[in-house]
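Two complexes are shown next, each including chain A; its partner changes from chain B in the first to chain C in the second.
Presenting the complex of A and B:
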């Protein structure tokens, strides 16, 4: 069996990288190797995971410096003998080993606007056409891995911005509210305000790392920014557009 | 007790999957102070992994569909062992619950005229599953999660409940620990809803995550609640089998619903050889008819690829045993030769991704290799159909942890609908019960401190590794109490469970109490052993084969066993098993089965 040479962050802020050799089999992903390490050499190694199939967004970590899902990172993608460095997400406060405190994201979630849909048709059904929801469905693929939040320089380099900047994950949620064909919540006409959208300078780093392939910048952030410009010149038009469901 | 962090609620909901979230939303809407607890972060529960869809007879694709047909399919899928009233309520209320999810923001795929699209699934007569590609569970949990957050419900994330507490007969709260700090936390409550999901982690090949350790089953049992149907474990026919590290990960039934078919190594569509008499009248017996059925449900009969899951899992098992399986011990699931690449990518995007990234297989070009994986617990807490109340006053249960709804075998898509239908009822009735009590029931300080000490015991020194104990239990259950069972093997399993229990008393975890997965596993092991024992004892008691319970030594179904539930009770003297009569279906519903 081949051996992986791992360097894994152990401990809290005062911790250090510890090196391990772990045997692995063909087809394994990084998370499998971490689990084997846990079962054989480091029983208390803290790591989050749930689905092991890229569906829950629990297992985010920085692998050789790049934020990724550990469960979708094939061992076959490394050179033989290459040292694999596994570190916790850097933008969030460290709890221990590979686990960080992502509670800020849950606090931002509480500030998101809510949808209020128009009433259903007389037969009790709501009608929306697939073509009108394709883009919102793209945003709703988000598995809340918070990798985009981790790479965005607005918070990665300036944690103090967390109080004024919702971050790319939540820009997709705002865009979802803004574009929902049946939403009638008057307050969602102005979703592009107040969440720190101005801080984003469209570097697209978030889009590049999103494991769900969501076009965060092109499909969510840029349309929101354009909407803002519209609203600035003609807030009434923006509201009417919202209520009539036209994009 | 004074030094333990304490919270007080009218209703405490344990579990934040679809069932727990829906229960908490309802309870809080009725004005009950509601707390919601989960072992993982919010939004990561099993529900997020559900793929294929949520079953509801809305009749958007086939107007012939209605609750009676859904009810009949559910009962027949469960081999008539379901609690008929639960199956009826479920079929009647599911459409409203789906529309409610849409109102709260869920965006299901659409029909050409803009209504919610529905897809075919095993055992459902008509295309019935509302879905979003193959990520329906994500849509559902995110919708419920956002709705709950906006209702201001208190959520305790990464907090594990280890014991329910009682005041005399009735429930009075729960004791748990924060995973991050290892500190104890006490919840006092007038009513408790258990919504902790499944128990797949008792088996070695499973679609379940680390959370599926049967905690709620064990907590309820220990609190004295009746458990029913524990012998019925669903092995989903299509889990991944290769490479070894992905073994067990689910391949949605939607692949077959959308045209995929099972083949053995000679390329034969072997399911035509496994059509049981009960389903012969409504199942196609030629490939031509089966293929026509995808577009014409009225004049053609359904493909045997979509027989209920227990039938398909046993058929795959038999093919592999007969030497017609793949070298990795599975069979082929082929959609590549039957549908266009564009169609496959649009209908099954996450399956496409999953195989490409984890197995290096392009499912638009090659067949998948699949085999059975432990997936779903039909059995669980015995509940009242109308109120979701358990047999312990103040204790309610909903979702996968509750028993009765699915009988001996669950149909695909019927879980997500179960979660919202009975989650809502559990929340409503727990709130009403709690609001009717004037004071919080008492908590026994002695019990709390005794239990707190027991929770910390794995740090005291012994020599057993919790990961090793877990692996041994999983292997034992898989071999001895898996898809095919016999009494002698199950007795060996009971002996092994006893042995593991003794060794668990001697478990040793390394490190300290902060975010320590080895310690968490050592504590979960206690639950898994209770659950494994309950499954095994119930399976020994049921001397017949039915649904998710196949006995090599009793291969046929038995009329007598068709009239009873096996009930498990944990008492200070040990675990007892009895047979008790099923609730009897009223005549007007019985008529639905006379065809």
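Presenting the complex of A and C:
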């Protein structure tokens, strides 16, 4: 049976990396090996997990420096004898071992604008066409693993920006509202200064790490930035709005 | 004993074990090479290094604007190059490339950046990146100009229609520059991305179709960006080499 050489963060901010050798079988993922480590050598190892199927977004960690879901990272992708470093998400306060406090994201979620639906048709129903919501269904795939938030350098390297920057996960949520065919919010509600869209310098790390393959940068952030230009930085559009009386 | 915070803060400190520095180094090197070449070829050498050979005109000088009041030491390329320079500098793809390679912001994903503070594109000068769409408008005007230059390269004065290697290079270059422009993210917003209701009218349904096709091109914007950058540099070099007698153009004409 092959052995994995793991280097796992143990403890809080004053903790350290501890090395372990753990046996594993073909087909296992990193989370399986962490569970075996927990069962055999480190009973007090804290690790958050739930579905083990890449759908709950609980087991996010940094594996060899890259933010990933532990349950979707195959052991077969590592070289024989390679040291596998498993660290907690670094953009969020560490609780212990591999568990971080991601509650900042829930506080940001509370600031997101809600859909304001247009009035229903005469028969009391609201109707939308599939072609109008195709784009947004991509954003609904988000499992809130917060890996995109973790890798985003705007908050990862500059935690002080957490007060002015919502982060890529919430830009998909804003895009979802902004592009909704029945939403009645003014466009400023989704592209306003408060969400920190201008802080994003579109280096695409969020897109690179998204386990659901959502094109966060191209399909959410850049379209929002363009809508923001319409709203705040385009004098020609502003003039047209003024002449036509459109908001 | 390294704390998580210490590990995170040190510039370049990362636990990535792959060669994350290869891509920013390669892309940064490629961009630097192009900037040096184009500056020397089009601006510094300018009029002293011939840029016209028979029916061929270097794309750095297309369309040729050479008013009499401009001193000889000023290259006619100055009237042209501000437009592609602005378009490429503010391009969403190139921004990613040079933010990573030159501003190290960040050098690569999950690699700590050196800057102590960060305000992204929210303040001067980077807030000017929002002018991308205005450079797009100018770049769109350049498409027919480049095709005109490419078409002209099949017509040698005194002999008429013919084909040369230079003509084919200029056609390929016009095509690649056109595709780079037409795959732009701002154009994607303009043709249909800014709509919320695609199904509402015949016009919005048509714009959705255009948006879908443009999205296919936009997915390869990086590829078009590099292909067109290389092609415009190569086309310029080829015309210069022919014009200065370094190489001979293979063509169907008898006196060129």
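Here is the rule we use: the second predicted complex is superposed on the first by the 215 of 247 C-alpha atoms of A that agree within 3 Å, B and C clash if a C-alpha of one lies under 4 Å from a C-alpha of the other, contacts with A are read in each partner's own complex, and residues count from 1 in each chain.
By our rule, a contact is a pair of C-beta atoms (placed from the backbone, for glycine too) under 8 Å apart; a residue touches a chain by one contact, two chains touch by 3 or more.
No experiment lies behind these values; they were computed from the predicted model shown.
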item	value
Contacts of A:43 with chain B and chain C, given as first, second, both or neither	first
Touching partner for A:9 - first (chain B), second (chain C), both, neither	second
Chain B versus chain C as contact partner of A:66, first or second or both or neither	second
Chain B versus chain C as contact partner of A:184, first or second or both or neither	neither
First (chain B), second (chain C), both or neither touched by A:74	first
First, second, both or neither for A:161, with chain B first and chain C second	second
Which of chain B and chain C A:129 touches, first, second, both or neither	both
Residues of chain A at both interfaces, chain B in one complex, chain C in the other	129, 180
Chain B residues within the chain A interface of the complex	40-46, 48-49, 60, 99, 102-105, 107, 109-110, 113-116, 132-133, 135, 138-139, 142, 146, 149-150, 155, 157, 180, 209-211, 242-246, 249-250, 350, 353-354, 357-359, 465-468, 471, 509-512, 514-519
Contact set on chain A toward chain C in their complex	9, 13-17, 62, 64-67, 82, 85, 87-88, 90, 94, 129, 131-132, 151, 153-154, 156-158, 160-161, 178-181, 183, 196, 198-205, 208-209, 218, 222-223, 225-230, 233-234
In the complex, chain A residues that touch chain B	25-29, 32, 38-40, 42-58, 72, 74, 95-97, 99, 102-103, 106, 109-110, 112, 114-115, 117, 120, 124-130, 133, 136-137, 140-144, 180
In the complex, chain C residues that touch chain A	1-5, 7-8, 14-18, 92, 95-96, 99-100, 105-106, 109-113, 115, 117-122, 126-127, 130-133, 185-186, 188-189, 193-194, 196-199, 205, 208, 218-219
